[in-house]
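Okay, so chain A shows up in both of these, paired with chain B first and chain C after.
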Partner chain A sequence: MTVIDAPLEKLEAASETSRNELSNRWASMGALIIAVLWTVPTAGLLVTSFRPEDDINSSGWWNVITHPSFTFDNYKAVLGGSQYSLTDFFVNSFVITIPAVIIPISIATMAAYAFAWMSFPLKNTLFILIFALQIVPIQVTMIPLLKLYVDLGLAGNDAPGGGFYTIWLSHSVFALPLAIYLLHNFMMEIPGELVESARVDGAGHVQIFMRLIVPLMVPAIAAFAILQFLWVWNDLLVALVFGGGSLDISPLTVALANLSGTRGADWYLLSAGAFVSLVVPLAVFLGLQRFFVRGLLAGSVKG
Partner chain B sequence: MSLGEKLLQAVIIIALFFAVVGVILVLTSKLRSRLGELIQSAAFLLPTILLLGVGLLYPAISTVRLSFRNNFDKLWIGFDNYKTIFTDSDLVRVLINTALWVIITPIVATFVGLIYAVLVDRSRFEKTAKALIFLPMAISLVGASIIWKFVYDDNTGILNAITDTFGLGRHHWLLSSPGNTLLLIVIFVWVQAGFATVVLSASIKAIPTDIVEAAKLDGVSGVRMFRYITVPSIRPTLIVVLTAITITTLKVFDIVRTVTGGNFKTSVLAYEFYVQSFRSANRGLGAALAVLIFVLVLPVVIYNVTQMRKVAR
Partner chain C sequence: MALTAAFVSAGMVLAGCGGSDDGGSDSKSAGGTSPGEGKAGCEQLTQFGDLTGKKVHVYTTIVAPEDQSQKDSYKLFTTCTGATVEYEGSKEMEAQILVRAQSGNLPDIAYLPQPGLLNTLVTQTSTVKEAPKTVSDNVDKWWGEDWKGYGSVDGKFYAAPLGANVKSFVWYSPKMFADNGWKVPQTWDELMALSDQIAAKGIKPWCAGAESGEATGWPLTDWLEDALLRTAGADTYDQWIKHDIPFNDPKIAEALDKVGAILKNDKYVNGGIGDVKSIATTAFQQGGLPILDGKCAMHRQASFYAANWPKGTTVAEDGQVFAFYLPTVDPSKGKPVEGGGEFVAAFNDKPETVAFQTYLSSDVWANEKAKATPGGGWVSANKGLDPNNLVSPIDKLSATTLADPEAVFRFDASDLMPAEVGTNSFWKQMVAWITGQDTKKTLDNIESSWPS
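For the complex of A and B:
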């Protein structure tokens, strides 16, 4: 019996592996098709951005296979001193993004500390209220907020900071509920004895916050900083509404959206311009992917 | 302003911010009494309460009020703005488009993400494969729209080249409704599928190996494994992904503005809100559209949060 059974089992095992290999091959095929579909549009734009103006306007990017001709002119025009230069908007994006990341995160870290380690009346009510504010879509706040900025004299070219304050403030406000909630979660993982013993040793809240908590929170702060950076850098709505259409303070996204809408003589520069705007978030993403994915789900319901 | 002045402004605001916060913290740091603790709490929370109160809570309430007023904020008009949304033919079109977006995007993006996550699971190229599909998530929706504008372009787009090759002719893809809305939805599916892949992939890896091994011993594999083991095991995560994409879809604005500018019957709620509020100065109607977004998002968010709790456990 065993003599006959053994080859049979082997045969079954062999057919099993061949079936697996077959399904593996189909699986690889399927994965490959999706990967190609997802990559081709971006690859097309990348190729386009290196083609001469006439080629971009007259033929598709895949023609480079038969008629290869490449140039850096588009990037020179977009980054250099031409009338279509995007460098101003590039700088604007940084001017908007850096304070709009640093300020809300600092405020949120302080608030998260207060909710975690301080005692004051209405603590829980206040925390639940902030948690609930996460779900307010930013659209719901925009009309009155803009009116408020105008009334306060913060909007417009003559305003302090050339009008940047409206954008900084808005991004800060919209970041706070989620930032406080996430940082509070991380902070609750710090052992309470650590804070207690520091208190017994006579350290005040400010000392504990600056010397003990902030250093421990660095990974969490970094994770949220990356999310906030990408949100602000990629934002169009806030910049459009609160920038008041003033190109002097508009970020890259607004400049590109305008360029894309007109389809004028400078249409061919759009591909290079788009790639310039993609470089920064892609670098951040590829460099710090680990942090990004962690915060992603938590941030998915952000207003 | 020159570039230098702009950068200076950024430095000034940051310095100003830290100076103010620093002074407050130093002033309150010496307090040790019970009252002192209260004052310290206030110092830690004051910026938050001020910003959220003035920048979020007050405007939100104000918008709800405004949605019942006329477009000049002069007269109470009850539910008239909402009636307009549901009766004006252009706005009904907007509602239908939004419904298309909200139904199609989450389902297709999650489906593609799930299939892809399963297919590349434990393969040699898993990391690269996932990074590829996830990249669109990191770029701006304006960037994504431009990438696809080149795909849909009448003369030089690859879509027309493909349909032409297969004898289906060339088309003005973005001009004819409702096909153009579907093409815009494709862009957002392209962006969101990576999100679904990454989150679902993590969840697939968390399925206990003994369940998978037991199923394998019973001769389950391939499609049946997917149908009876994988999908039921990650059901809560699937719902979280579906609802999360639904929420972002309801607020999508950049794609419509960049690709068609809301023309050719492609407008959606979030875009219409922007147009009515800030272009046409119909502030009452704009406010009503914003409130409608909020009302639609609310139940999805609540469901999402309850499911997220389940996943976390």
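For the complex of A and C:
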């Protein structure tokens, strides 16, 4: 294990110095100021979401300090109102997001394993191709991909599964190149001796993958899962283009975009709507942030 | 890449079980006896036969809360034909309809809010079907030539008009006017005299807001269009749209200076909000609200601004706010009316699609829609629309303004110009103009952006 010991020591020394430098009084104050400045708009949004319609229309949120008046009406209108009801779209968002996270991650983990620890013809060429696919902007692929779906009978007014397949597929397709690349890099960090010794003990690829690699990969998988979850949850473009055809399968973002009404007269509802859609990603991030930080470090710091 | 391909083919397997059942025939009638036989209002629809179980997919820009009255107005259609309407409203529709047209994932019918979009769809994707005879007959009967022209491309008629709005309105407070003894002006000169009179009282007479996200500036383009219709007339307006005269023609400059005399006058604007430059940063939804506080007297905005007054505001001739027709320079030359509206484009000619198009273009629908809109906020230029079916005073005013025999209706010019100008440089340069750029430079810049 001496191979990785040396860089680790160096790393620890480096983090020690940076910790010292960052924890002096001025640095803390700077960080605090940045944090406050960064949070002010979000706090303003939160305050606005509890203000009555007239107040939102006529004055800025900071006026609550002098004229405090709060109401739950905006949330009632957004969640339970006969006209909007984000609740249905909330369910749609989950139905879209969960498969759109699980599908690319399971495929990418297996693909990354193959690229890292198996040998097959054209391995490097294929890997470079996948790497290169990250460069393709998704906007360029939209019309051809939708055309393909229409030709295959996956999109349109009579789409199977109500049209969810196209959204899942698209999110998976767009996520795979980066997922494979990231997970592959992480997998290369796993010491070769570990895999070697497992192989000597008679483990096959499936066993190595399931019992050795996947447990070691949990932080990286979780980090990517959070990233993909946030991306899919907040996505509007893919849902609009590929989910087109029915509002029955549209996620929250589509409902949010329509929330202000045909000519924007109801824009005061937007702050409440934003917070409704924000709750889930926030919970996911706070719940899994431990993995997120670890996973990011694992991918970025190389010995 | 191999994996991506593998995944797509896996998707094909998934899709294998889903069949498509739309083998609709091209004939106009679906056969059978129409469920609407003998029912009132169904006269035009029985010819399409029994459409029970059929669905018409409609894609529009009209979203909640305004969509409910649309859906309610389709009930008679379902009673008459048996077909149901699947309604999809999206504010992103104008961009998405082009994506869908190019990839073949089209609805049956779309309500296009701009003739320019119809033009693009027809010329670039050729997905729009020409209007069937039943629709074209209805439009000949119930709409003016001008409206039919806006639904046509290269002499072929595609899309029947649906709703309409009147842009040539000035919102004011009837109470404020009555208390001060101000009268609704009948000519442009009277309007300016009134503005001076109000300004002398220490109230800034005008308020305006031009901020509207990526479309910031459009309320200012409406100002210029309205002014041009009044100073130079409808013919010049048409030439200007077609670029038969350049965008920086002296006549346009004259109209813009007329607008500038109001909007760039620090004594006149921006009542209750700030100085001239604040127009650019005030949301158009909020531009007229100071009228309610008595800090501003007049706000030029379309009929649909009625929805922006806070809930509980009475919008009526004797209420808190109402609108008057933006007076013209020379009333003897007719009453120019600027406005907008939606057009019904169909992407196939299945019997249920044609039946629905026919229904929407009829006087029956216009009156059904009026009755289904208890809160107001809708009007049509359909001559068969009975103004008594309209609930709100402002809708009645819009309907009578549109139906006025002296009215010269013209569609919002920026909706008819090429996208490079109409939805880009025109908006942006008008914002530059209100924040200080001079008239000549503004018009020169727009002219140079006109696609050759």
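Here, the second predicted complex is superposed on the first by the 230 of 303 C-alpha atoms of A that agree within 3 Å, B and C clash if a C-alpha of one lies under 4 Å from a C-alpha of the other, contacts with A are read in each partner's own complex, and residues count from 1 in each chain.
Here, a residue touches a chain if its C-beta (ideal position, glycine included) is under 8 Å from a C-beta of that chain, and two chains touch if they have at least 3 such contacts.
Since we're looking at a predicted model, the values are computed, not measured.
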item: Contacts of A:143 with chain B and chain C, given as first, second, both or neither; value: both
item: Contacts of A:54 with chain B and chain C, given as first, second, both or neither; value: second
item: Touched partner set for A:176, first chain B, second chain C, both or neither; value: both
item: Touched partner set for A:262, first chain B, second chain C, both or neither; value: second
item: Which superposed partner A:161 touches (first chain B, second chain C, both, neither); value: both
item: Partner chain(s) touched by A:27 [first = chain B, second = chain C, both, neither]; value: first
item: Contacts of A:38 with chain B and chain C, given as first, second, both or neither; value: first
item: Partner touching more residues of chain A, whether chain B or chain C; value: B
item: First (chain B), second (chain C), both or neither touched by A:153; value: second
item: Which of chain B and chain C A:75 touches, first, second, both or neither; value: neither
item: Shared contact residues on chain A - chain B and chain C; value: 57-58, 107, 111, 126, 130, 133, 142-144, 146, 148, 161, 165, 169, 172-173, 176-177, 180, 240-241, 257, 260-261
item: Parts of chain A lying in touch with chain C, wherever the complex brings them together; value: 53-54, 57-58, 83-84, 107, 111, 126, 129-130, 133, 142-144, 146-161, 165, 169, 172-173, 176-177, 180, 240-241, 244-247, 254, 257-258, 260-267
item: Touch list for chain C against partner chain A, complex; value: 1-4, 7-8, 11-12, 14-15, 17-22, 55, 57, 61-68, 86, 88-92, 96, 99-100, 102-105, 107-108, 212, 283-286, 289, 304, 307-308, 310-311
item: Complex interface listing, chain B residues touching chain A; value: 1, 3, 5-7, 9-10, 12-14, 17-18, 21, 25-26, 28-32, 37-38, 40-42, 44-45, 47-49, 51-52, 54-60, 62-64, 66, 112, 115-116, 118-120, 123, 129, 131-133, 135-143, 145-151, 155-158, 161, 190, 193-195, 198-199, 221-222, 240, 244, 247-248, 250-251, 253-254, 257-259, 261, 270, 273-274, 277-278, 283, 286-287, 289-291, 293-294, 297-298, 301, 304-305, 308
item: Residues of chain A that touch chain B when the two form their complex; value: 19-20, 23, 27-28, 30-31, 34-35, 38-42, 44-45, 48, 56-62, 87-88, 91-92, 94-95, 98-99, 102-103, 106-108, 110-111, 113-114, 118-120, 126, 130, 133, 135-146, 148, 161-162, 164-165, 168-170, 172-174, 176-177, 180, 204-207, 209-210, 230, 233-237, 240-241, 248-249, 253, 256-257, 260-261, 270-271, 274, 277-278, 281-282, 284-286, 289, 292-293, 296-297, 300-301, 303
